[in-house]
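Just below sit the structures, each encoded as structure tokens.
Each of the next two complexes has subunit A plus one more chain, namely subunit B in the first and subunit C in the second.
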Partner chain A sequence: MSKGFNYRPFVVLAVLLAGWHWALGLHHVESDTLAPPGKVVAELGRLILDGTVLVAARQTLLATLLGLAAGSFLGTLIGLISGLAQPVALAIRGPVEVLRPLPAIALVPLMTITFGLGLAMEVYVIIFAVIWPCIILTQSAVRAVDPRLLEVADVLELSWLARVWKIVLPSVRPRLIVMLRFVGAIALLIAVTVELVSNPWGLGHQMMIAEEGFHPDRMLAYLVVITLMGWCLNWAFVALERHAFTPRLNAN
Partner chain B sequence: MAAGQSIAFDDVGFAYGAIPILSNINFTIEAGTISCVIGPSGCGKTTLLRLVAGFIRASEGAIRVSGKVRTRPSRDVAVVFQDYQRALLPWRTAYENVSLALEAAHVPRAERRERIEVMLELVGLPNHARKFPAQLSGGMQQRLQIARCLAQEPSILLMDEPFGALDAMTRAVLQDELLRIQQKSALTVMFVTHDLDEALYLGNQILALKSNPGRLGRLVDVPLPYPRDQLATKEDPTFLHMRRELFSLTHGGHQG
Partner chain C sequence: MRDLIKGFAINTLSIGALIVIWYGITAARLVPRVFLPSPAAVWHSLSTGFVSGTLLEQTGHTVIAMLAGWFLCSLLGVVLGSIIGVWPLARLSLGPVLEIFRPMPPAAVIPVAIAIFGLSREMSLIVVVFGAIWPALLATVHGFSAIEPRLKEVGAALEVSPQAFVWKIALPNATPDIIAGMRLSMVISLVLVVITNMITGQVGLGSLVVLASRTFDMAGLYAGLCLLAVIGMVSNSVLQFAERWLLSYRQ
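After this line comes the complex of A and B, so read on.
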């Protein structure tokens, strides 16, 4: 982190907001789709005070994190095993290639029939969206482990588990963290989409209600919250990445 | 450290598919001695070492370590790779890198500390235990790899041009330390190099390979006494005589 506070993005943001406010005010627009930033902020304040936004945000965050955790864990595990064992890689290649191109959102009706509306269905759709990139990225990371290190493991007669734990996982760790950041964004995207499409739960659903009730200020307030959540998630992963990379980079 | 074991090459041949790399290799490395393998590049020196390590298996014949046919890598045969920066774990400190060998041998945690410190002391790195490999110079990294190899308590040490990437001064120092450690522990050492002077300086015996396919050119004993000395040994008439005699073998036939 640099020492001086970087104010430039905020200046740009302030100019844009002022422009937005001025444009609406100038034309005296009474719009069902747009609201001036002042009204959006006021509505956001009201939603925070009465707690609705917090409940919705917690629901979306819970689904995102659960789906991300389960999907990336399973995907990494499958990627590790198939990256190390060629027969396993060949065995799963068919199913992976068939299922991977399927858009996760298309599973919403199926998952709704199976699990009903609510948390479980949303988490399963996120798992489905996240697991394939995790398998593929982990697999390629494992294959990129320096063969020399694997020879060291051979000479030392490390067990399979010790080999994975002491050699392979630390080798692929930087790539896994980048992967997590990448699929983290996918998880939030899918969570909000599922809520917009059908699930009566979370920020996406609240935003839909606001839109259908012609409350552009409320709709935009939820959009702001979703944006903030995306930033926070990304920031958390960047922090994790930075933390993970520092000990090795303090070289001469 | 375990006493050395002998390595016997019994009509060993190796081929990649139809391409012969090594053929008709017959010789023995006695327990507790240093044998240096020299030869022009591409003659199969490293392949020979990888066969002994157990990374690859002979297409013909067999390699026996103390009479037992070798089929796979094992802890009693340590390998010092030339590319030390690839053979060390960059996320572990020097101390933890040595520890890997002890963890692999299931040495109880309580015993590790002392043994790691002894090893780091032995290779001259006692003050660098907490540094990561990237914070060490090339020579120190190679010392660290040697420390890890010794920590696995091998009876055989295989070294694949271990000092080839180091500057001349560091190389001389490490040669002397290798000799000191070997004299103390009676390890069997197989040392691959393309440097004839290095081979003569270190070895009890020199094995000169010819190429296409790799085969035994000459097998000579080096009658120079130990301990050897960078100046005196290299001025010894025997050293100079052998150097002249073997020069043509490693430099494609023409005299220098």
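After this line comes the complex of A and C, so read on.
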């Protein structure tokens, strides 16, 4: 069964698409809520050709990447410091445990009042969503560093910065990259959700507009684009992981 | 036990310090009141809200919606995951299809769900189930695929039926994965309940936060955020506790 081409998922997909088409397209119903797959593809092509989807996708991607970069940088920094210094870890544990479970999206109204609508507000919400998992994952990655390596750093009398740069960071790098993939998905989710809920910007907003304007084909086309974007982002981080892990495998 | 008490004391102290800093900032008027109300104002808003019962009702709706969604998606996730886990044909045909849907941000389904079901509680439940099922489902599939091969051989040697294999060998073996997945599902359920609640505007903490911000009732907004943080923290610690208790036999 493992040999040969696995055609089964394509059969399942074909059945799903055919069922969707049959349910909507066969009777030539004019629906305000759903559209058959053919129409969605046609609308998607139109949106790509006239460029609206590209503009919206760029806006969403920009917010996602900015928020991801700032949030994961701050989170990793705090995680590194608290992972290496036990008192800091103890001091921040309570606040982290209180703030971490707070759904970032609930901050949208507050951020809107503080920063107004637009890119900045979206980026701040993403930072809030991304920073907590980064702190926790970096902390546990730093704690998993081989104690002997830290002893080496002690023996060499390395400064704190050199210790982090030369010993800790290289040994936590693989786990940080895995972490990046995990929080990357969160960042995109939050970006799209902020746009859906209120921010007039990006793919989520376009999708909501399409739904409210009774353009089911357009709405589903945007859903396809958002899914593709999530898929691409995931794929990019998997590629990064492979790239980061191969030298190690070769060295062994 | 002593470590537990010590940890609790440190956490209380650090959170207390945070509140004191918050109080200091508002008392010194470093930040305009519009952005950051004082802790006392938030406490007042919380207590009046609970005494009059409105806040209790909103919290109740949010918690019930979260638990209902979480329960449904855990159940569906474990059942579907078991089917995919034991039935090779299902794994080969559905596995890759699930991989296509998994990176889809759950909130992106909301407009589609609104178009089909309207701004209703059913819509909210469906969005929660669709979005929060993944951790439970994938954890179950993973737990099933990670069964020790010798256990499978034991099952084959004893000629147990597929149902008995799932019930007696596979599920107990996959429990740690499943519980970890269910914990993640709970987090996502709360997030999605809040989001759908913000959009539909039905009674709940999501709409409370939106309404409070539209009327510039910052104390009310912070009260809503505090309650959401407490709900998230309590549900997470309950599940963490349950995890430790259920898996205590493994240590």
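Details
Note that the second predicted complex is superposed on the first by the 231 of 252 C-alpha atoms of A that agree within 3 Å, B and C clash if a C-alpha of one lies under 4 Å from a C-alpha of the other, contacts with A are read in each partner's own complex, and residues count from 1 in each chain.
We take it that a contact is a pair of C-beta atoms (placed from the backbone, for glycine too) under 8 Å apart; a residue touches a chain by one contact, two chains touch by 3 or more.
Everything numeric in this text was worked out from a predicted model, so none of it was measured.
Between subunit B and subunit C, it is C that contacts the larger number of residues in subunit A. In the superposition on chain A, A:L13 contacts subunit C only, with no contact to subunit B. Contacts of A:A162 after superposition: subunit B is touched, whereas subunit C is not reached. When both complexes are overlaid on chain A, the residue A:P101 reaches subunit C alone and has no touch with subunit B.
By the touch criterion defined above, A:A70 reaches neither subunit B nor subunit C.
In the superposed model, A:V41 lies in contact with neither subunit B nor subunit C.
Of the two partner chains, subunit B is the only one touched by A:D146; subunit C is not.
Across the superposed pair, subunit B and subunit C touch subunit A at no common residue. The part of subunit A that touches subunit C in the complex is made up of residues 1, 6, 8-9, 11-13, 16, 32-34, 90-95, 97-110, 112-114, 185, 188-189, 192-193, 196-197, 204, 207-208, 210-211, 216, 219-220, 223, 226-227, 230-231, 233-234.
For subunit B in complex with subunit A, the residues that touch the partner chain are 53-55, 72-75, 77-79, 81, 83, 86-87, 89-92, 100-101, 103-105, 132, 134-135, 152. Touching subunit B in their complex are the following residues of subunit A: 146, 148-149, 151-152, 154-158, 162, 166-167, 170, 173, 247-248, 250-252.
Of all the residues in subunit C, the ones that touch subunit A in their complex are 7, 10-15, 18, 34-35, 88-89, 92-97, 100-101, 103-112, 114-116, 187, 190-191, 194-195, 198-199, 205-206, 209-210, 212-214, 216, 218, 221-222, 224-225, 228-229, 231-233, 235-236.
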